[in-house]
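First the structure, which I've put down as structure tokens, then a few questions once you've had a look.
Which chain is which? They are A, B, C and D, in the order written, and residues in each are numbered from 1.
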Amino acid sequence: MTTALPYDIQQLKHCADEIVLNVRELAAAGWTPATSSNFSRRIDQHHVAITVSGGDKGRLTGNDIMVVDLDGQPVATDRRPSAETLLHTQLYKRFGEIGCVLHTHSQNQTVASRLYAGAGHVRLEGYEMLKALSGNTTHETALELPVLPNSQDMHTLAAQVDALLDRQCMWGYLIDGHGLYAWGRDMAEARRHLEALDFLLGCELELRKLQR
Amino acid sequence: MTTALPYDIQQLKHCADEIVLNVRELAAAGWTPATSSNFSRRIDQHHVAITVSGGDKGRLTGNDIMVVDLDGQPVATDRRPSAETLLHTQLYKRFGEIGCVLHTHSQNQTVASRLYAGAGHVRLEGYEMLKALSGNTTHETALELPVLPNSQDMHTLAAQVDALLDRQCMWGYLIDGHGLYAWGRDMAEARRHLEALDFLLGCELELRKLQR
Amino acid sequence: MTTALPYDIQQLKHCADEIVLNVRELAAAGWTPATSSNFSRRIDQHHVAITVSGGDKGRLTGNDIMVVDLDGQPVATDRRPSAETLLHTQLYKRFGEIGCVLHTHSQNQTVASRLYAGAGHVRLEGYEMLKALSGNTTHETALELPVLPNSQDMHTLAAQVDALLDRQCMWGYLIDGHGLYAWGRDMAEARRHLEALDFLLGCELELRKLQR
Amino acid sequence: MTTALPYDIQQLKHCADEIVLNVRELAAAGWTPATSSNFSRRIDQHHVAITVSGGDKGRLTGNDIMVVDLDGQPVATDRRPSAETLLHTQLYKRFGEIGCVLHTHSQNQTVASRLYAGAGHVRLEGYEMLKALSGNTTHETALELPVLPNSQDMHTLAAQVDALLDRQCMWGYLIDGHGLYAWGRDMAEARRHLEALDFLLGCELELRKLQR
């Protein structure tokens, strides 16, 4: 007899399949070195599917996905979620329309976070690729991608993110020495935002080397 | 009963297959980040197969290809073509022998476009690879690859391209902060021109870092 | 009739399968150019499975794995182990808990080893990725990755490594102009340490180019 | 009825299979952009299998391999060999033990050739990887990889190569603005030399950026 779960198992399976497919591609691109990074997808109004901590992301399977509620507490499982789960769930809790959060550690992301931590943001301006971020309809715009100080206290980090969200609409942020968080209404949008931000950071770093 | 189409459906299928195969390879190389880039292939004297706007190019299928006429208007479809369609069709309309137009966003292309926008061109000289561009038979030549200012008005961009084509034979151009357009008489030639120009831009950027 | 082997053949097969799978992935990432690099896995208290010298690591098979004892001497085989075998076995002999040693030659590793050979170490500090090294629980730490002078005399190199291990806990070291050794209690941990150290070296090199 | 061929068809097939397998891997690594590069393998004392000119090397098949004699003349075929065939056959003709010649255009190769053309060589010193070149048994050696001026006249290039070979043993050379030639007694050795030289050039370029 199947115990009644508080979420739709088919919907979880759909979310898990989508996470596995996309994370394997991100791992192949080298954005999840040394078992780093974590990824989540909203199941419904109260539940989120999220990768468990650790594990080679190039070998991710459905078994590496667990369910948490919007406070980051495990649902119908003995597994313990990653400490960073809170940085995912705070977004789902605050914005009902957010459906997917992706956190990676590409070299571009980590290097840019170190380089611009002092300034507190990376200014991205004049790129056609800015249009890949929902809401932008022209390259004649500028984006200041926030860089937060790193902390092992997730409540501190979450409070910093909340303070930023009080002041501006945004689709991602960097944590110093760490990596990038990006999100969207669904997997496709979150992935597009993630790729666009990484591409823009890569261009900025190259231009900085070339323009001195 | 099949409605008569103004183009040969087998010819469209051939074009679409060729686009899908080549675009997936370009996506795997990282040249189409964040659903950017678009690609087209001439079907006949009056029709062009072109990718629809958006979508992960690594997952492109024949369903993501539509047909437009040489003014960029949709043919026998409800789908709306991408705004940049005009930059493809102006080339097919002006030159009967052009069979393929490829537009990508590699990091080399975007960085070079930013760096050389002020000069209005990138000078490429002394490379054996210049022979990959049809018409060149020696490395003892120079190519000035144009860099156009970016605009969200495709008619402005198209007019700039037309003015350049009045003055010179060319197989590609950059748009500032954006990416590269390259073309050829068929897919193989367009792809060869695209790869050669990207390679030459990559070499120039590296040499600029090394020679200062 | 099967001759009795001093090790469990099933355990060897398990180790060899694990080595082949992981080494092919490292080869695909370009970390084993020109048949370089070698890899080992502990079978039991007295035996180690190790790759034979040479051969394209992208085509590694179980036949390219041999067994040595903890002094690096071949066991039940006519094959001769690589000269560098001693740098593997000294670790297994000294630390009973070490189960896997990986040695690669990525460009980041070789370049960093040349650049920091004079200092004798690379200082890695302020990165979240430091937590990928077992024992680290915060980014607020620093790691001094040793860089040893290169030598063709493995006893000289092994003595230098032993002297370092007398003074500190460590999970890897560089050899000047050569590459990286990393290890762990099992393949997953050794691989995580290898990837984390390579990532950190890559970030340091990029920052050094960007911060001058 | 099969016409008697002056070479062993099975031996040709073996050579062609080896070329196709290795060239597809080199193409996947990005070393043959824009249909560049050519590759050959000795069939016997008088015949060489060589890739025909042009064509996407990622799609190379046995049909893209032809047979030439040691003067570079086509044997039992109507196909015309590439102009650079002479740079392959001069090596087979001069050294009976050479079995394979590989010519590629990676970005490292082209950039290094431009940067060191004035000096006439790239000095490679202090790398363990030097041992990948047959005859070297220690890293305590130095290699001066020649850089020849480019020319569209293959007889001029061949004469320059012959003059170098009169003075030294070597396993490869660069041509300015062009790419790398490397060779060996069989495919495995030629490939190892090619990869080792490319790796060493990549390290030198990175160190030059970092050490200024």
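By definition in this document, a residue touches a chain if its C-beta (ideal position, glycine included) is under 8 Å from a C-beta of that chain, and two chains touch if they have at least 3 such contacts.
Being a predicted model, the structure only gives us computed values, none of them experimental.
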Neighbouring chains common to subunit A and subunit C, by label: none
When subunit B is superposed on subunit D by its C-alpha atoms, the rotation angle in degrees, nearest 5: 90
Most distant chain from subunit A, judged by the mean position of its C-alpha atoms: D
Geometric centre distance via CA averages, subunit B-subunit A, whole Å: 32
Euclidean distance of C-alpha centroids - subunit A vs subunit D, Å: 45
Junction residues of subunit B - those touching two or more other chains: 209
Chain-level touch network, classified as line, ring, star, complete or other: ring
Contacting chain pairs - touch in the sense defined above: A-B, A-C, B-D, C-D
Subunit A contact footprint on subunit C (complex, rising order): 25, 29, 126-129, 132, 137-140, 188, 191-193, 195-196, 198-199, 202-203, 206-207, 209-211
Sites on subunit C touched by subunit D in the complex: 30, 33-36, 56, 58, 105, 107, 110-111, 114-115, 150, 152, 175-179, 205, 208-209
